Amino acid sequence: MYILFAAISLAALGLGLGFLLGAASRYLKVEDNPLIDEIERMMPGSQCGQCNFPGCRPAAEALVAGEAPPTLCPPGGKALAEQLANKLSIELDLSGINDQVPLVARVDEADCIGCARCIKLCPTDALVGAPKMIHVVVADACIACAKCVEVCPTECLRMHPVKTTLRSWRWPKPETALAGA
Amino acid sequence: MNTHLLSAPFTRSDLQIRSIMLTVVVAMMPATALGIFIFGWPALFLFLVTVLSALWFEGACLKLAGKPAQATLADGSALVTGWLIALTLPPWAPWWIGVVGSFIGIVVGKQVFGGLGQNLFNPAMLARVALLVSFPLEMTTWINTAPVFSAAAPSFETGWAITFGGRLPADGVTGATLLGWIKTELSQGRKLNESLVSGDFSLFKSLLGWTRGSLGETSALLLAGGGGWLLRKKVITWHIPLSMLATVALLASIFTLADGERYPSPLFHLSSGSLMLAAFFIATDYVTSPNSLAGQLIFGAGCGLIVFVIRTWGGYPEGVGFAVLLMNSLTPVIDHYVRPRIYGRDRKGRPLELPEGRE
Amino acid sequence: MALFDIQALWTGGNNRIRGGVHPEPRKEATADRPIDLGFPLPPMLYLGLQQHVGQPAEPVVNVGDHVLKGQLLAASQGMISAPIHAPTSGVVVDIMDYPSAHPSALPTPSLLLEPDGEEHWIDRPEKTDPFSLSPEEISVRVGAAGVVGLGGAAFPSAVKLNLGRRTKIHTLLINGGECEPYLTCDDRLMRERAKDAVDGILIMLHGLGCQQAIVGIEDNKPEAYEAMRSAAADSGQGRVEIALVPSLYPMGWDKQLIGYLTGKEVPADGRATDVGVLMHNVGTAYAVQQAIRYGKPLISRIVTVSGGAVGAPRNIEAPIGAPLANLLAHCDYRPEDTVRYVMGGPMMGDALPHPNVPLVKGACGILALTREEVSASDAKSCIRCSRCVTACPVGLLPLEMMTRIRAGQLEAALGYGLKDCISCGSCSYVCPSEIPLVHYFKYANGELLSRDQANHKAEQTKRLAEERQARMARHKAEAAAAAAQRKAAGKPKPKLTEEAA
């Protein structure tokens, strides 16, 4: 007798709670994942496409869906990768990853014909110049997405590594191959 | 020329891990020698088995982990751990107690956490407590003192049989330690003074170490001397030993004054069990004790408190192992909250207020 | 007491000092030998345009100009800067990028001066009475003479004097500590030129509008103490007190010295002037005296050349811009025995990849160290002995910071006081596992700076991209509106012109 009562009551409890959960999942559903917005805000926002996604929002959506690793954004570098990994609670071993050498675009003035195709493309307006005049790159604004390089008809635009100066030099991480445990 | 980019400082003190470990070994030698002397050949065999198996386990773990075994073994930390485990074992325990103890201490208590510097609990105490709980009979078989050249001492062959054969000789060689005796007597309602007499308590013998106990923990004097040597060599600071011993002594004094019939004197507490060994050699273990000096005071006081509580009211006669383990678990908490005050900031880390009258 | 805390109390000793270590002084080789004034002029002097904190100086001479000794070569720029003067007469051969005296030896704009051997001074007044000048004028002249902090920080001294005068400090502290091993330049200066140093201190007091100065000298320099004491007794006008401080590294850390001499603690986000004191190195006081009384700009400094690989170590009064290799050769150094070149002291100095870099204003010492002296082997695991905690004069937890930095958790390391680290090296000195703690902290601070800059750039990028998109949308809307208007008015479409997108 008691077993019958126990079975019925537990089954009823299970059914009741399950019904409540189902109702909640329908009526209290969150429309959009707010995480995607937060991740998108952390991205550089230049829609450069180096991550192979058509813009920062699709990249954020892929991150949240788990289809892309936190290291997907070259302009964001290691710093952004660590922040994304923290946000998404992903274990990430960043020690093996080196930031790619920072690059900056430069116009070779001898070859520039002033066609202004690069200026129209640059997502951060880092290219300055008038039609039929030599163009120049504003190095501070350049995010090294290399779109200008692809479109230049005379190939006068090239990516160069940013030179380290005394101001930008940083101490490297100590290589301590610890002897023994 | 070393073109590897390094930062200052380009000079350093002579201090090495190895020199620290060797100083600890030297400090433990007198008490160990006495222990082997008064308990005979089996004690020596057990000691050697424990220490050698500790070294072996450490080497095996390092090899498994792909780390350079030779260099790490040479720094002496496994030697010290194995030595300490040996000192806390009953002197005529069978050889496998030593091996299992070393396994638990080195492999489970240290290497599994990541090796030197990574463990949370004191490896020697972890080993001892695990053995005590798992093998209570072997771990509470206390032997009468039988100095090497006396009639009661086992010969080489008998000693071998005791340690490796597991065969204790006939009755009459075992008994309870003082702490154990007092606890059972008090629980049966007898007065403290009578128990001390019937238990053959002599303060002199307790201090010297001529009593039943673990292999190396009986001699309060020799251990305190070794501890003083460590202090002099600046291997340990006085904070943990003093706070631990002072807490026990203080609590013992209070309770003795309150009821001398039930609670033993401070000197009794200080000279019995493994309190001295723990105060100078075990609780002061670098890895598992707090970083700051103020934190160490709290740690030592906590150890002393728990030791006294367990000895007086707990189920076990000796509480040192548990006390150290419990305080080890609190070390990260102590470290988190008790930090030195940073120059220019208050205790909460905010910059100090500007003095009045300055802009 | 401001520095009172449990740790200081229980470590015993003086509770105005915390932590610190006692490295071997290694000063015997150079401490008793007089300053060598006979260093021959090298064939070329390399004068970096930035030998100070702040904006680099701008050249005011051209390539090919002949200049006189003490002539202004580069002028200071902006509020915090210092000028560069010619250490000797000669010809400006080039203004180019030349390797800097820095661990990276990266090139820095430098002015190359070829001495002509004449040592022809510019016209300058024979002698000036400093006390006839106004305090503001003193600062102006100190600035014009290019005097910077000669203890190594190379901060423009005029700016500090102005700050001290504005905030009405009550005590000038002079740092005669020199706690680094090997270095004895301040020791010799105080022994040989105590009178000039005291004169400089009085001039500084006048420039600050302050009434009293205290000179702190470590007690391992009894001769220097005696020389300064008698000079102060003779000509200090009762305003210059000479005090002995315990020999400890880093006693010369300005905040430690302030705490010991005045008992005050400088707040973390404040300066020494916030507690009413200002500190200058004793060498700087001497340079101020030379500048004000004799009109001599800062063109040379006393530098200790020492180390196991140096055959004849000594202090040299050397011209700024002299190649370190020449200075070392003058002292019979053995490059084959040198494992490390250090500019400064062994605890906080910079390792140089080679000695072909010039002497700069802030260089107190040049060391050629042998393998035995450097003793660097591989780091082992941290055994959590917490000797680093006891040694840290600032009260940080080096072992915790290092563990966090190794795991890449830089924000967590900040929580243990990373920003307050003064890189004194006491922790690394004392670590039995030979872990390069200070290197970790320097790396972490640099990494955090880089991340800040990267964040800035990311925000800037976002802003630029948004502005661009807004602009494009606006243009589109305007074009649509114009087209709609034309349609409504029945006008034909105009010729398409090339619009910038």
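The first chain written gets the first letter, and so on, giving A, B and C; residue counts start at 1 in each chain.
Following the convention adopted for this analysis, a contact is a pair of C-beta atoms (placed from the backbone, for glycine too) under 8 Å apart; a residue touches a chain by one contact, two chains touch by 3 or more.
Computed from a predicted structure; not experimentally measured.
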item: Minimal step count in the chain contact network, subunit A to subunit C; value: 1
item: Reference subunit C; chain at largest CA-centroid distance; value: B
item: Most central chain, Cα average position; value: C
item: Centre distance in Å when subunit A and subunit C are each reduced to the mean of their C-alpha atoms; value: 40
item: Euclidean distance of C-alpha centroids - subunit B vs subunit C, Å; value: 50
item: Separation of subunit A from subunit B, taking each centre as the mean of its C-alpha atoms, in whole Å; value: 53
item: For subunit A, residues that touch 2 or more chains besides their own; value: 171-172, 174, 179-181
item: Junction residues of subunit C, two or more chains touched; value: 380-381, 436, 439, 442
item: Multi-chain contact residues (two or more partners), subunit B; value: 5-7, 72, 75, 115-116
item: Subunit C partner contacts - residues on subunit B that touch it in the complex; value: 1-3, 5-13, 15-17, 19-20, 72, 75, 77, 115-118, 237, 239, 286-287, 290-294, 297, 335, 339-345, 351-355, 358-359
item: Parts of subunit A lying in touch with subunit C, wherever the complex brings them together; value: 44-47, 75-77, 79-80, 82, 94-95, 116, 119-120, 123-126, 131, 140-141, 143, 164-166, 169-174, 176-181
item: Residues on subunit C engaged by subunit A in the complex (per definition of touch); value: 100, 102, 104, 106, 108, 378-381, 406, 408, 435-436, 439-440, 442-443, 446-447, 449-451, 454-455, 457-458, 460-462, 464-468, 498, 500-501
item: Subunit C residues touching subunit B - in the complex, by the definition given at the top; value: 3, 5-7, 10-11, 18, 21, 23-24, 103, 167, 181, 255, 264-270, 273-276, 338-340, 342, 344, 346-351, 353, 369, 373-376, 380-387, 389-390, 392-397, 399-400, 416-417, 420, 423, 425, 428-434, 436, 438-439, 442
